[in-house]
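Two complexes are shown next, each including chain A; its partner changes from chain B in the first to chain C in the second.
Let's look at the complex of A and B:
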């Protein structure tokens, strides 16, 4: 196999993030992780091409945030970012889907959800449905890409991983389990190119109808004890350890004890196979 | 034979007369018979405060004025009563369906699922004239099923009226395409008015978004509150989290909603039928472009304690630490420790479980030689199953544990390790 034929065309969808405390524009964390994943892929598979894609308005604030991604590409093949220019409040999905359909990358990497706007995490799903491509969420690593099939590691809760094989072209979304992004270098970020394509806007009418407000603190759930007698209510409120329901094996041999434990572990399916 | 109540005026008189030499013994007998109140000769109710109450666990007399005077047994019977107090509700001809796809972690309804079912009940029961039914669609590929936890009983008590149990090898593991095909069939046949899924990484977050787009709906995600709203088309308005948890979005409740945990109170007053349903048409085979190659073995020592699934935790009762580490390796468990074990230098500080250590969320917590001090128990509050190995049958850890084995820790651990190794060796020979 010739190594130069191994390369894949990767498009990373990037958005403008929001700093959780100051609210200022920045690289979105998940998108930066997605780019880090793509850069790692490029190192291992020479001949890969990475494109960055963003749809949204062009202003000073968003531009500096977007250049943050380009600053991560110093010393790699990453050179420019395609900006599909749309006014604020326009629906990004048709524009992105159209662009991807014509650019035909093999792998599209997105963050799981945006840090601004609706932030519903629907975008990768909508693109997958539009393009008819398979989608894998919660990506942790790309193990290899061979003969148009990618082998991926998907992050499960509790630090577990699942290996999947996906036919390309495919869309994958990353969240906090993907590798942490590298620093962004200022100079290359300044010098990099933004390729701007102005687009006719399709307004997102539904979004405009919704009432948005800064998040309220959610009420804490109270422990309500429904019992007729004050004694039960008091006992439940003051209870230290809830007991009585468990099974206690006393006076058994250690073999029998081990058997009982093994049975429970097997039922719960926590033993490695 | 029925016990006839006979009055003995002489004894009553002795009981009233504190100076009578037989007073104490008569009172003691009366205490057994619970005659602590009687009608006096002049028609006034007389009470004997010495005849009421019981001797508490610490040897002190306790008086319980709630009427339930049994000390230890009271909890058991009142628990029974609480179970029976659930009202049984059967909905024969529902006006509409509310479909719920629970995440069923480990084959059981999770807390998140129960909250979601509570939300579904609110939608279904809003109009008592025209009640809807809650339909749960479950993919029964989970292991825990054989254990008997997954009973109709549990489903009914969580508020499920109709149960659609889909079982097929195609749904095992990560199979969003096959599951989506199944849910599309449900949509075509039963056309539920609402679809509710938990917005949780393992369960509905992925499937729910796929479903919504397949149905051509724009779902509400991160829903944490719903209110009735006569102006809305669906009759409901919802509040959802957006933009990395920093926004609250108020909108009409769409057909598909993905809700957060604690979106509603779980059902606790009624019991529903959980009547099995089945699909009349076969689910079309979806061409799968994603293949699940199974879970990858991860080094349990590298998993953060707070998110480990299976923890083997050692305390002051562990004497053989080499054996303990070996057991953790063989069982594939993440290691934890009580504070004493950490203070004595057997375990690293970041392995401490409890109030001043890590609050763990393991599905199985195996506590070896840990007494269960309150500071330690706090840290394991959200563990599913606790297994204790301890010498002392009276300690608090045993009270908390779902399974407790009384005995020498080192021996039991060694026996457990031997069994697991033996089995694995056997499998390797067979393979």
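Let's look at the complex of A and C:
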């Protein structure tokens, strides 16, 4: 058997998104990009299987949003989604981790952060820790999967790319750098199956204590360019945001690393001096 | 000799034709069911043929007369021939002689007609199909001349046994050729198929309501979304209803649709005639290599093939039709308006688009984004729904929610988000206020009408928007709806009814005309230059309103320089059917061609009545004419209406001219 003909078992974690203007439930943009990545992989590696996985409550709104992902499966083998049913406010991480540990996919794809709820972006990290799998964030493409090793392209700021190899199973997260999702078709979306598994809920106590408020745009630090020449101002505007003040620490002990971080935080005024 | 040969030939031809008819009917019946009253349809057939069809054919007098002579002569000759030569009644006493003379007259008439057909075929225009159609005049002559000659002995002009058996055989051969084309070919395929399929198509037409004086039926038919297991839209030829398939088979390949299609003229890969012929290929199975007309621009003939149960649009490869052909259509209905066979191209195109969008998720270009916006924000631009009334912040527009009951509900349309259209809307509000109309708007409760979603094939989003709009409208009391957007006008007036929303909808041009007739608006005389008027497809061909805008312009004191293509022949601006969104490349742009029409009319200003037309025509670079909405022209010309007493003291006054 040709190595490139080995299919991979992919699980895409999908959440219920939220439209930024109207707040209506929809397929979340990053998760949809994750599924797009998986569908592209399936086209190139015949025999791959894609599973969609969601943990959360089941209601009309969330169901129509989740079906939005299934509608992307027109003409592919994607026909069902596993829904780990939990009440509102339950912690999704243990449920997902338990399911993934028993389903043993080779690759888990997830969006970098959810569009509603906590949206902290910590889920991929927490899952990776639970499962003990490697994690790659900001994925742009999966180039190939051979002999259980995936070659990945990671997106860095300003269009830069880094090629990485990772032994499967692994978790990867995608953000806006991944390919844009295809259209979701109404017919396949509503015909597809939701496989519902009710779960004993583990309440997310921390979340329950939080107060939720709509996010506001974070203030941006103004760059004041004193130069009078338009060319200089243009160059400054087009230049990389992070100046040369970054520092790469290599071969240092964890204490030295922590010190450096603390020092920076104090300099930036994040921590009191 | 002929007396023995002729009945054999005639009845053999009829027999073979019956077998052919049965086979053809079986092909049509592959389609989905469609409930039409069969007997009522057949009973209505003569009227539909003689009145409705000839109303369209009669736009070209020469062809119309040619067809009357040829077809009328043929039908009469065929019936008489069966009586005279088939049943040998020609030899009987009494009526026999009369029948023979009638047959001579009928075949002579048909022969005259066939001469005109032959003349037309000498230098056929590009829109006509060639191939087998080129032999048709010869076949018509063979039939009419042959029948004429064999009837001469019957009436006694020639002796019964004249000439030799060689001559008799030759005559029989000529009649046989005629019979083969005219009778057998009618059901086995060949140019004459149009007569058989066309007659049944008229009888069993899916839009029976379009027949009759002044009637039209232009709203798309709703797709049944209840059945969750069903595949949506048309994937294979057999997914059309049987009477749609029958309709495709009726095409005479006259190319009138091709001649008026804006997409074809722009060099986009669409030709409505070829599309209908491709559906015929699909319903019978095979390749399009036998097609002898103009191809889709840029797509050679002979590379596509299909079958009744095979896909029309291939996934990744070629099948019967390429997707971009379907997405080139602006749904302008010019083809349907011109088609003498009453074929419904737009229905077919939208049916196939529905499959591509709803089942495959393959709406091209920006369309998925627009559809997602419609789903998430109820407007195609993805603007915050709460921003719909920002343009009118200073106008204090009365809201339906406050008033509950008014005479006129002003439907703004998505033009409310467009800076150019906001000028039109402001003008319209000014006019309504000048005429003291009791009106209100829905404000942020209004949603997109669903026009674009529906024409992009997304029936689910259309129905969702429509149902929510209908629920909103049901909360309030109003006499009628007024809008400056012909697309909303059409959808609200003609397409919401099937979903339970029946409204009396006015286009602003009609409404302004009525206000003016009632003396509620007074205009200063027109001082601008020459003006022409562009008929929006969705106002004109879709709703038959050609008069009111012209009446308004006349009331403004404008004498129109009509474009060559105006009224029901108006050329589309290119903005309908989601065409600017799917944006299929061609050699030219449709709005450029339309602005060129404007230029040829010599007008310095083109009056329009549609936000879409305004946007498309204004988007033309280096245009020779200004684009103004009728509402703007009216608002500019408004003068305070003379009150009762000032009217009494009315006397001539000096008028400022510069």
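Keep this in mind: the second predicted complex is superposed on the first by the 210 of 273 C-alpha atoms of A that agree within 3 Å, B and C clash if a C-alpha of one lies under 4 Å from a C-alpha of the other, contacts with A are read in each partner's own complex, and residues count from 1 in each chain.
Here, a contact is a pair of C-beta atoms (placed from the backbone, for glycine too) under 8 Å apart; a residue touches a chain by one contact, two chains touch by 3 or more.
What you are looking at is a predicted structure, and each value in this text was computed from that prediction instead of being measured.
Asks: Considering only touches as defined above, state whether A:186 meets chain B (first), chain C (second), both or neither.
Replies: Second partner only.
Asks: Touching A:217, do we find chain B (first), chain C (second), both, or neither?
Replies: It touches nothing on chain B or chain C.
Asks: Identify the partner contact of A:74: answer first if only chain B is touched, second if only chain C is, both if each is, neither if none is.
Replies: Only chain C; A:74 stays clear of chain B.
Asks: Figure out whether A:160 sits in contact with chain B (first) or chain C (second), or with both, or with neither.
Replies: In the superposition, A:160 touches chain B alone.
Asks: Among the partners chain B and chain C, which is in contact with a greater number of residues of chain A?
Replies: The partner with more contacted residues on chain A is B.
Asks: Touching A:205 in the superposition: chain B (first), chain C (second), both, neither?
Replies: neither
Asks: For A:147, is the partner it touches chain B (first), chain C (second), both, or none of the two (neither)?
Replies: So A:147 meets neither chain B nor chain C here.
Asks: A:24 contacts which: chain B (first), chain C (second), both, neither?
Replies: So A:24 only meets chain C here.
Asks: Which bits of chain B are touching chain A when the two form their complex?
Replies: 64, 66-68, 74-76, 78, 82, 106, 143-144, 146-147, 173-174, 176-177, 201-202, 205-206, 209-210, 212-214, 218-222, 224, 241-251, 262, 268-269, 289-298, 302-304, 307-310, 331-333, 363-364, 366, 372, 374, 377, 384-387, 389, 393, 396, 398-408, 411-412, 414-416, 418-420
Asks: Report the residues of chain A in contact with chain C in the complex, numbered from low to high.
Replies: Chain A reaches chain C through residues 19, 21-22, 24, 26, 71-72, 74-75, 182-188, 190-191.
Asks: Show me the residue ranges of chain A that touch chain B in the complex, using the header's touch definition.
Replies: My answer: residues 18, 20, 113-122, 125-126, 128-129, 134-138, 151, 153-154, 156-167, 170, 175, 206, 209-216, 218, 221, 226-227, 229-232, 235, 240-252, 254-255, 257-262, 264-265, 267-272.
Asks: With touch defined as at the start, can you tell me which chain C residues reach chain A in the complex?
Replies: 228-229, 231-232, 315, 357-363, 368, 371-372, 375-377, 382-385, 458, 460
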